[in-house]
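Following are the structures in question.
Shared between the two complexes below is chain A, which pairs with chain B and chain C, respectively.
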Partner chain A sequence: MSRAEPGALITSAVPARRAARATLAGALVAAGALLALAPSFTSDYVQQVSFRVLQYAALGQAWNLLAGYGGLVSLGSAAFIGIGAYTTAELTNHGLPLIPGMLVSGVFAAGFATIVSPALFRLRGLYFTIGTLALAEALRLFMVNYNGLGGNIGIFLKSAAPTTAGLYWLALGVAAAATGLVLLVLRTRLAISLRAVRDDEDAARQMGLVSFRTKLFAFTLAAFVMGVVGGLQAGKLSQIEPYGAFGLQWTVDVVTVALIGGLGTLGGPLVGAVFTVVLAELLNAYPSLHLAITGAIVIAVVRFAPEGLWGVLARGWARLAAAGPRTQRGARRVRQ
Partner chain B sequence: MHLPGTHTLVTALVSGVLLGGLLALTALGLSLVLGVMRLINLVHGELVILGAYLGYALLSGLGLDPLAGLLLVAPALALLAYPLQRILLLPLLGKGLQAPLLTTFGLSVIAQNLFVLVFHADTRSLSRSYATAPLGLAGLQVPAIYAISFAVALVVVGGVHLLVRRTGVGREIRAASEDPVAAAVLGVDVGRVYARTYALGTACAGVGGVLVGLAFSFTPTTGTAYLLTGFAVVVLGGLGSVLGTLIGGIGLGVIESVGGAFFGDGYRDFIGLVVFLGFLALRPQGVLGRAER
Partner chain C sequence: MSRALLEVAGLTKRFGGVTAVDGLDLAVRSGETLGVIGPNGAGKSTLVSLVSGALRADAGRILLDGQEVTRLRAPARARLGIGRTHQVPRPFARMTVLENLLLGQIYGAAARTLRDARRESLGILDRTGLGDVADRLAGSLSLLRLKRLELARALALRPRLLLLDEIGAGLIESELPELIELIRSLRAEVEGILVIEHVVEVIQACSDRVAVLDWGRKLVEGTPGEVLHDPEVAAVYLGTSATGERTAAGSAGAAGAARTVSVLAAAAGDGRPERARAEPLLRLDGVAVSYGAIRALQDVTLEVRGGEIVTLLGANGAGKTTAARAVSGMVPLAAGEVRYRGERIDGWRPDQIAGRGVAHCMEGRHIFADLSVEENLELGGRAGTSRAERRDRLGAVYELFPVLAERRRVSGGLLSGGQQQMLAIGRALMAAPDFVIFDEISLGLAPVVVDRLYQALAAVNERGVAMLVIEQNVQRGLALADRAYVLEKGRVALAGAPAAIRDDPRLLALYVGEARGDLEDHPPASGGTHDWPA
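And then the complex of A and B:
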């Protein structure tokens, strides 16, 4: 540390940081504009692949809020996605437009999360994980057997699906909103409570934190996003059936995206979604091989890079920056 | 829902008890690994189904009867599991509970897709005439394989119980399960004990898998169902208790069988899961108290 002239370093660091922030904002606006205009200069195929990337990015953000920031490793994502898909299918069949249908889907999924939370939150740690898995499978089995909502055949959607570009824009909006929502949560006191509950629930309680309310907040918010994404999926399909809508594959994919991207980072789910979907496209002639490779990547990430691809990229960037101009190095030192 | 007659109900009860043996067998490995290693082994269901596939390969390749094949399947799975634990799970010891959980999650994804690549996605079963033949039991008819698997379950559960309670290996397993740090101080190689436990649990899973293949059909993704029934059995029977697994298995078998008689066969697994969730939610202290120590 430079004991002699701390003031000089700070004054030189503030404008540098302000400039960096302006650059970042500019880059974000440019990227946003580019993404929004993408359908005018990309093929249908690119838009379809991007739809999946954005869908998984939104799901990854939701799951990351739970598991990455809150330590609540849920294997029940499929339940909320399925509820969302069925809600949108039913509502649009009764004449509601797709976007309000998706929002109501999110509310229904969040409502379901609220109903099951008193029972689920009695389970700590690993038992929470089993409980969510059992809950999602129970719901799937119920939907397969129950005849009220089309049984194992499911529901046919009467309204026509939006165009590829329309779906892309919807997915872009959902992914951006999910990322914004998580960013917003991270700026509130709740994010601190959530991390405290994750790191030591008993200690957090003794400090006066209401761990139930904290967990409930994260759980319902994640369920809301997953419900909306389920509704989006229904908007794309012409038929919703329980094996697909409530399928375990959703759960597996969400975990994979968030893990490979990087748990507890805002950029992780985005990077993870791009990586996972692009890998799936590259190996689309060999779906089983692709999934087996994904499983191996998950194991490798857990062992060698727990901070995920995002963490690896961030470390590389920091190393590049450290080799850059002197002022940046000074700013880094002050922050330490 | 419809009210079944007395005869149907008694048949459901008896076949539920017998089926419980099979459920206990498929849960025993999960219980051992969870109780001793504090590991939620998400690949457990796939290890059960691997046993079924190995039984299938021995039957279709060598013409070996699956019940004789048990003697090959169990050691083969133990030999697979031992290095698996040493290479993939042991280095994660002390890195929290999430890392090993997620590693077994990755293993489960790999296993399911390797099954598809090697054995294809078709529904398979180990069809033997003795398995499907009805067995007359005091005027009740149950599939013979239910009785056979119950007998095998008694032998395996009893054997594992004696191994854990009466041998030197078992004493090390109990010590490592009680308090791994103290056990290590007293000279127990905890890493080796964990690997042995994992191998033993996997061998039991394989035995269960062969009997699953004889009694029912299976596909590459059937494992998840046995992972969940396994958890249900462990929770009902009490964590870490070998004999409790048998009791939990019989309990779940009866619940599913009788529930199926009331609500229709499609709801069997659903009812099992609901009872399991209810049990988890209402009696967490019994399960959690021990698990979190």
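And then the complex of A and C:
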């Protein structure tokens, strides 16, 4: 074998990578178009299931930014979703259209996050987790007992809900925006700051990082996305009540989505949302079996694939990609 | 006298009832390197944490270049140019080595874009000998490399004042000159350096002045020559190593302690050392261990007879700790066999091996930080012993290390380094073992504390407990041993009686390197780049 050959292989690898990137971009555009046009060729049922997938994808992105990258394992998701749902319900009842209502919901949820953060950030690790859980539960009990917002009956929405396709598009927009937002954050220095805080907050402070600000940013951003998703949920329902809007089920589902999909990865929440919601649909008739199976899967993922389904897929893809050029190389050698 | 870069006045810090730093006055002048030494628990690391803002002072003032920083929080102080290392490395474990440096680059004294930060960080990594692992996860590095990462990370801040907390611990002698040169080269770019170090050579070669702390107060201050020859300093800090005597104190203390230790030695039924027995207690035969593609041990044959102290020497990375882990069942063997009392134990689980009377006092102490001293000890004596038996053993450990009895209700994490090591030794002894592996018990400890620990080992051995002692310090290791082995690159390079090994010319080449002569006479700081050997 001549010495020049390895060099030739390296130079041929660069256009190959560029081609792969172009293929990926093309695939993304095609997938986007397909998703956007989906309502024209899918049933109501598929659109409703997709709505849930997209909702959870957005929630998963938000939670993953917080917990996967920032190490802030929050069990308070329901609080922000509930605040979002109630805000949108009230605002649309007062005549505001749904989309501005959802955005204001996000702002309200972020505002709430800002107010509680000085107290919550005094707690670290597991204590922070318990603190967020206590906060969300306290808020739910408050909403049940406080009569100003309908008490345990909640609020009936006056305006008509959008069509199934309309809701689907809204959810698609929210999920895409949430993913884009996280992608954007990960391209800034915040990606480094968040992970440093996750690994050792005190050491990060000794490097000049004001960890409070970093955590506050992640916490309010996640709260904003969760508030918007809560608003989206209000747009779908005709009645918002505290047991559903502030229900612990939201919190648990979000954690499940992120864990199964893969913590600390951009694609994880997307894969996790599809997997979790489709599994729930398949086992629709057996609710208790569904819970048991989901639990078993979470345990299996944590034990055998800590990087989640996304990690497994990414590794499989990398192996395929590595195998590809090798077979090409082999073919070239045969031709020579 | 030049301007003070750092000035500390009346600094006080209390932890519960203990005053760790007690009305301390100290200054680092501009352009100066100040060495700080003192026994473990003297308040040195607390001083670093107070100056860097990780801890808040209870009283006193801290000034950086005349500006009061006492009330500032840690990030603000870092931005003003105070950089520190941690004695126990605290890497961002799930980030790459390069990413570990970026934070300081971005938020430090001179803010940078990510792109510039990356380029500059690579330069710092090359300089500190971490260039080859830039893309590895920091959590996968060895302890020594993590120490270097601490330094690299502090440099990434572009500090004006650099606080170095024991970055030399664990280096062998041949590696010291390079550390010394690195610290000296830093003087060109850092205005002032405060060095805490137990390795006296480093203090001697790097510092313009030395301050000695004891019980949170300043004992003496002066030039390295004055301070290191001060009789008071020798008494509180340097111990026997300063006078060059071997562990004479060890045998004196041993007689008194022997009585108490008998409880700890299960094998001591006849009350006499088993040293004469030819039968090996432990035998490794042709042992090989691999970590992935790396062969850490190759064809190692070694034995420890009953009641014997065997010392295992070797450079960093020679495979000493791996050999210990192979004995106690924590790594699988790639080849060879391990026999204990004639029985093959390789392939057994660590708990099964421990059940046969093999205790392992691991490198790095591994104290349960949230448990009290007594709870830590209790955990060492679990397996099927009666309550009365455990109480006896506890009493014996407390007699061996009275300071542990005083602090029995204190959580392990709040002990000083020396006390933690005592606790780790005590915990290993709680199992009443016939054979104990001690891995680097002197790491990062003041000479006087190491003396104390070696006395304890001698006392325990008096009652017939056999030991495999892994040690960085050749002289200490050989002084204690009945026999010694020297590992080089995973193989046994030398074996035999301590005296023969000490006089073997190959020892110098294998272990001490050519550093011995350099220590007395350092070339002037070149300011160039120096890699530490991996």
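Criterion: the second predicted complex is superposed on the first by the 311 of 336 C-alpha atoms of A that agree within 3 Å, B and C clash if a C-alpha of one lies under 4 Å from a C-alpha of the other, contacts with A are read in each partner's own complex, and residues count from 1 in each chain.
Note that in this section a residue touches a chain if its C-beta (ideal position, glycine included) is under 8 Å from a C-beta of that chain, and two chains touch if they have at least 3 such contacts.
Treat the numbers as computed from the prediction; the structure is a model and nothing was measured.
Applying the stated contact rule after C-alpha superposition, one finds that A:Ala22 touches neither chain B nor chain C. By the touch criterion defined above, A:Ala30 lies against neither chain B nor chain C after alignment on the C-alpha atoms of chain A. Contacts of A:Leu184 after superposition: neither chain B nor chain C is touched. Using the contact criterion defined above for the overlaid structures, shared-chain residue A:Ala318 touches neither chain B nor chain C, since it reaches no partner.
When the two structures are aligned on the shared chain, A:Arg303 is found in touch with chain B, with no touch to chain C. Which of chain B and chain C touches more residues of chain A: that partner is B. Within the superposed three-chain model, A:Leu291 lies in touch with chain B and out of touch with chain C [touch as defined at top].
Only residues 38, 40, 88, 91-92, 97-99, 101-103, 105-110, 112-114, 116-117, 221, 224-225, 227-228, 231-232, 264, 266-267, 269-270, 273-274, 276-277, 280-281, 284, 287-288, 291-292 of chain B touch chain A when the two sit together in their complex.
Contact residues on chain A toward chain B in their complex (touch as defined above): 71, 73, 118-120, 122-127, 129-131, 133-135, 137-138, 141-142, 144-145, 248, 252, 255-256, 259, 288-289, 291-292, 294-299, 302-303, 306. Of all residues in chain A, only 189, 192-193, 195-196, 198-200, 202-211 touch chain C in the complex they form. If you check the complex, the residues on chain C that touch chain A are 52-54, 73-75, 78-79, 84, 86, 90-95, 99-100, 102-104, 106-109, 114, 153, 156-157.
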